[in-house]
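Below you'll find the structures, each written out as structure tokens.
Each of the next two complexes has subunit A plus one other chain: subunit B in the first, subunit C in the second.
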Partner chain A sequence: MTALADDTLISVRGLKKHFPIQKGWLQRVVGHVKAVDDVSFDIKRGETFGLVGESGSGKSTVARLILRAYTLTAGEILFRQPDGSNLDISTLREAELRPIREQMQMIFQDPYSSLNPRMTLLDLIGEPLIIHGRGSQGEIRDRVQELLTLVGLRPEYVSRYPHAFSGGQRQRIGIARALALNPSFIAADEAVSALDVSVAAQNINLLQDLQEKFGLTYLFITHDLSMVEHISNRIGVMYVGRLVEVAPTEALFAKPLHPYTEALLSAVPEPDPRARHARKRVALKGEIADPANAPSGCAFHPRCAYATDRCKAEVPELRDMGQGRKVRCHHADGLSLTGVIPA
Partner chain B sequence: MSTLASTAPEDVRQEERLYTAKPWTLIWWRFRKHKLAVASLVLLILSYSGALFADFVSPYRPFDIEKLQTFVPPQSVHLFSANGFEGPFVYGLKRSRDPDTARVIYATDETRIIPVRFFVEGPEYDFLGLIPTKLHLFGLDDPKQKLNLLGTDALGRDLFTRLMYGARVTLSAGLVGVSFSFLLGLGLGAISGYYGGMLDTSIQRLMEFIRSIPTIPLWMGLAAAVPIAWDPLYVYVLITVILSLIGWTYLARVVRGRFLALRNEDYVMAARLSGASEFRIITKHMLPAMTSYIIAALTLAVPEMILGETALSFLGLGLRPPVVSWGVLLQDAQNLRSIALAPWLLLPGVAVVIIVLAFNFLGDGLRDAADPYGR
Partner chain C sequence: MAGETLPPMPPERLIELNDVAVHFSLREGLVRAVNGVSYHVNKGEVLGVVGESGSGKSVTVRSIMRLQPKTALDAGGAIRFRLPDGSVTELNRLPRDGREIRSIRGRHIGMVFQEPMTALSPVHSIGTQIARTYQLHTGASKEAARNRAIDLLARVQMPRPREMVDVYPHQLSGGMRQRAMIALALTCEPSLLIADEPTTALDVTTEAQILDLLRSLQAEFGMAIIFITHNFGVVADIADRVAVMYLGRVAETGTVDQIFYHPKHPYTRALLQSIPRLGQKRVHRLKTIPGMVPDPFNIPAGCVFHPRCEHAVAGRCDVAEPASRTFDGGQIARCHLADSLPELVS
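Right, the complex of A and B next:
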């Protein structure tokens, strides 16, 4: 176990998750979906780390692995504890994880299926408090009302059921629930993707306010790059279970180093109509590769405009490019790719 | 929903009532909209209470033989006579013989008006098997006159009375059979859906195998193995067990499906990520979301049991006289002669159809209302 930099809250190293594909009567394992394959990155305390990529690239699986909803196939997850020590939570058993669960929480994509419709807000938001024995019934009620106020809902709503609320409000209930135990880390998996643009913007502002107030650290997952631009400090781009680029947000938007990032960026709508025609559009051809049967060499090569023979044969490493940037491409140094912010 | 917020205080209170309504309240509100299902529920409650209090509701006892009153057709109850309003009454019966065929013929005697009384004294019985009493819900004052609402059979026994007593056996067989299959279905379905993998595949194959066996021959084979000389109570229990050996697969499928669906619900993962124990997840999150579905599935499984009992008894392979069940009663209508002579002996069959339909309507209504949160 190597030491963490002082400002790092979570360090993920060599994370792997291979889901077995089972067939037939005897449930024989006939192959593996390599949903996450050798992913490493650090999240600094108090920052928002954005994780982007097309559907099926393994973003949700990464979040679920970090929160230990799944068991790992391989890898380490170092999580800094309140006392400053760092703990590898990748091999802890469920009982040992319980105290850790207080420190990390998740906000879900679907505001409908993530709240049990048969529980009142008091039971929903109070559940983590009850499980971890935080106070008497009265104290829990007070805390739930406080949390509701915090996310901009009226404290009288405690006895209502989720069906009384709109999607955006439900998402806030989910946020209140995630905050109940004062976690240091929150993974938001497509937390606003299901909402209207204006409601999504409101909820992003709320998340930013809460981050400032409580010094929260976010892992913010989305397939929509325009969403992460405002909230993330740094961004990781995933393709078929692998991290292909990590960079500070500004730098990534100004000058992507990986052809996949360039293609994703060119799909971001341009707010300024006059600038629209000036931009180069790199259409992504074809479908995302199947993680059960990834292409040889660089998994992106069948869709890459810059691919060479080397790309087909040799798997590129995630290389450090300086200035906090990393990229997994053989030709990263030689290419000059276009971003969306005029540099 | 909240965008509809209106300012009138009455509306606000109405809305708040909806927003704080418990799951079962919502299910009830939704169920209420199915008029047919509600009507079926009422009918079933009436039928089951009738069966429970069969001795009080029926004017006679099921084995009272009346040699001079065989094959009496159903009598109708009137309110008005030629003299105007009389309250409920029946006309007297004139018994004669057809001179050619020597068949007994009954004709109503419009000059004799016999009032129908409520809470009258009749033959003695033990109320619910406990309290000796003579009180009956309705009947005639004169013990020599008989009131046969649904007619009588070849031995002059009152069919209405026998139908009520038969309901006890037939309707309860449905419930008892369903509770046996409930145990099997819930247990195996939950194991199948919760653990998955090999166990799931094996249980699934077993269920497919059972479902592929033609029911009637299997029932017949099993029922034929029940010794005739056994106590009717044992036979009754065995028959219901035989019926439930088939019925549980449907239930297990529903339970398994719910478990599979719920296991992947985000809120179950949310609970897990909050550190909830497996016990808490099952009791607080999974079971409450399943009960309404299970009740609906149970309701839909009852008719099959009732039909099974009736079919077996009708074929003489299930319950046998002197036990009275609807299937046993239908045995009397097995030959063409008695159907031609006394078509009312088919009425237990009509009762079966009505009850089976009612259970199906009720089950459909419950199934539709089971998830009041559907988007």
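Right, the complex of A and C next:
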């Protein structure tokens, strides 16, 4: 275990999660879905790290692995403790994880299925407080009311049920629940994707306010590139279980280094009718590869305009390109890719 | 409003909705899901319909197809559609499962839904679904219908159409399923295609492929499209004109340039400002619309948007519902203050 840089909160190294594919009544293992394959990145304290990629790229699995909702196949997760020491939480047992869980929380995508409809807001938001033995009934009630105010809901709502709230408000209930134990790290998995634009904007602003107020660190997972550009300090791009590029936000959007990032950026429909013809779209052939049967070499090679024989044979390493940028492409040095031209 | 009193449709007009209202009678009260919607689509034109959930955009197009839920009440207005022979029918007067609407639905008007997995039959191959539709409307032979299915799958750029014609929807990816759905909707070369959030469930790269496909098919078949979405980026990409809906009403309609660069309704302006844009210099906060969409049982008096509007004038906006006003270039907005709003700084 190597040391963490001073400003790093979480460091993920060589993370792997392979789900077995079972067949027949004997449940014989006939293959593996390599949902996450050799993913490494650091999240700095107080920053928002955005993770983007198409469905099936493994971005949600990464978040769930960091929170230890899944067991890892391989890899290390170093997590800085409040006393400054760092701890590899990838091998901890459930009982040992309990104090760690207070420090890391999750906000889910679907505010309809992630809140128990039979529990009041007091039960929902108070549950983590009860589990971790934080105070008497009266104290918990006070804390829940304080949390509701914090996320912009009225404290009188404590005895209401989730059905009385709109999607955006439910998302705030989920945020209040995640904040209950004063975590240092929150993974937000598509936290605003299901919301209407005006409501999504309100919740994004709320998340930013809370980050400032409590010095929170976010892992922000989304497929919405304009949203991730708005909220993130640094961004990781995933493709079929692998991280293909990591870079500071401005640099990634101005000049991507991986051909997949370029294609992804050019596919975003811009809310500007005059840009319709001005912009050149990098059309991607075919579809995202199946992680159970990923192409040889670089998984992106069948869709890549720059692919050579080397890309078919050899898996590229995630290489350090300086200025905080890393890329997993054999030809990154020789390519000159197009980013987003500022409006 | 009775259909007879409406002026005749201009010859280029394909479909026109005048003051359409659809209500639902629920135990809790009457929901006016669509409350006086007017818009039109000309032949070969793409109309983008945008609005937040609950604005009535889907209910409106479902009433064009006469596919509303059984509990829906047709509460007024007229939907006039021009058939290829030039005659005009009033769709809203046709019985919902009568012969006439069934001869129009699927033949002259095709529809693509958001979730192809629920819209396609899981127990028939995609080829069978296309072939049966073709046989039903044209009386073609089984052989000819199968060839038609293969041809359509090729036109929606499905790889290996001769093999794909025999696969079932569950064997396809989301993007491929949506292509199958589009092929099905285009079976009889309809003059109007209604697309209800067809790319919302797809990834950006697949979305870009489907938008390109729809554009090229539109050029090839020359059909008009009503494209429903909540994504302004998609609208800017595909639409010629735009209708912005809020709480069962059309707040504003105009060409895409009018809507994006000279919006006249405060709701349109607020929506455009609340979306983050690629490559925009990082702003610290997104502009939001205060409050939320009111619940359908408590529709505000006066202009329905006034409680959330930053320009609302007490004694006017909360009292009288604004009428639709037409501006230069055919832009229509429902706002008392539409001509006195400050210029947008973007």
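The rule is simple: the second predicted complex is superposed on the first by the 334 of 343 C-alpha atoms of A that agree within 3 Å, B and C clash if a C-alpha of one lies under 4 Å from a C-alpha of the other, contacts with A are read in each partner's own complex, and residues count from 1 in each chain.
Operating definition for what follows: a residue touches a chain if its C-beta (ideal position, glycine included) is under 8 Å from a C-beta of that chain, and two chains touch if they have at least 3 such contacts.
These numbers were taken from a predicted model, which means no experiment stands behind them.
When the two structures are aligned on the shared chain, A:V340 is found in touch with subunit C, with no touch to subunit B. Using the contact criterion defined above for the overlaid structures, shared-chain residue A:K312 touches neither subunit B nor subunit C, since it reaches no partner. Touch criterion not met for A:K213: it reaches neither subunit B nor subunit C. In the superposition on chain A, A:K23 makes contact with neither subunit B nor subunit C. When the two complexes are overlaid, the chain among subunit B and subunit C that reaches more residues of subunit A is C.
Of the two partner chains, subunit C is the only one touched by A:F253; subunit B is not.
In the superposed model, A:R154 makes contact with neither subunit B nor subunit C. Contact with subunit B, but none with subunit C, is seen for A:N116 once the two complexes are overlaid on the shared chain.
By the document's definition of touching, of the two partners only subunit B reaches A:R98; subunit C does not.
In the superposition on chain A, A:H163 makes contact with subunit B only, not with subunit C. When the two complexes are laid over each other on chain A, subunit A has residues 166, 169 in contact with both subunit B and subunit C.
Remark: subunit A residues 25-27, 67, 69, 97-98, 101-102, 105-106, 108-110, 112-120, 127-128, 131-132, 159-161, 163-166, 169, 174, 177, 181 touch subunit B in the complex. Every residue of subunit B that touches subunit A in the complex is listed here, in rising order: 1-3, 16, 18-21, 23, 26, 197-198, 201, 205, 265-267, 269-277, 280, 284-285, 288-289, 373, 375.
Contacts from subunit C toward subunit A in the complex involve residues 52-53, 173-176, 203-209, 211-212, 230-237, 256-257, 260, 270-272, 274-289, 292-293.
By the touch rule above, subunit A contacts subunit C in their complex via residues 54-55, 166-169, 196-202, 204-205, 208, 223, 225-227, 229-230, 249-250, 253, 263-276, 281, 283-284, 287-288, 339-343.
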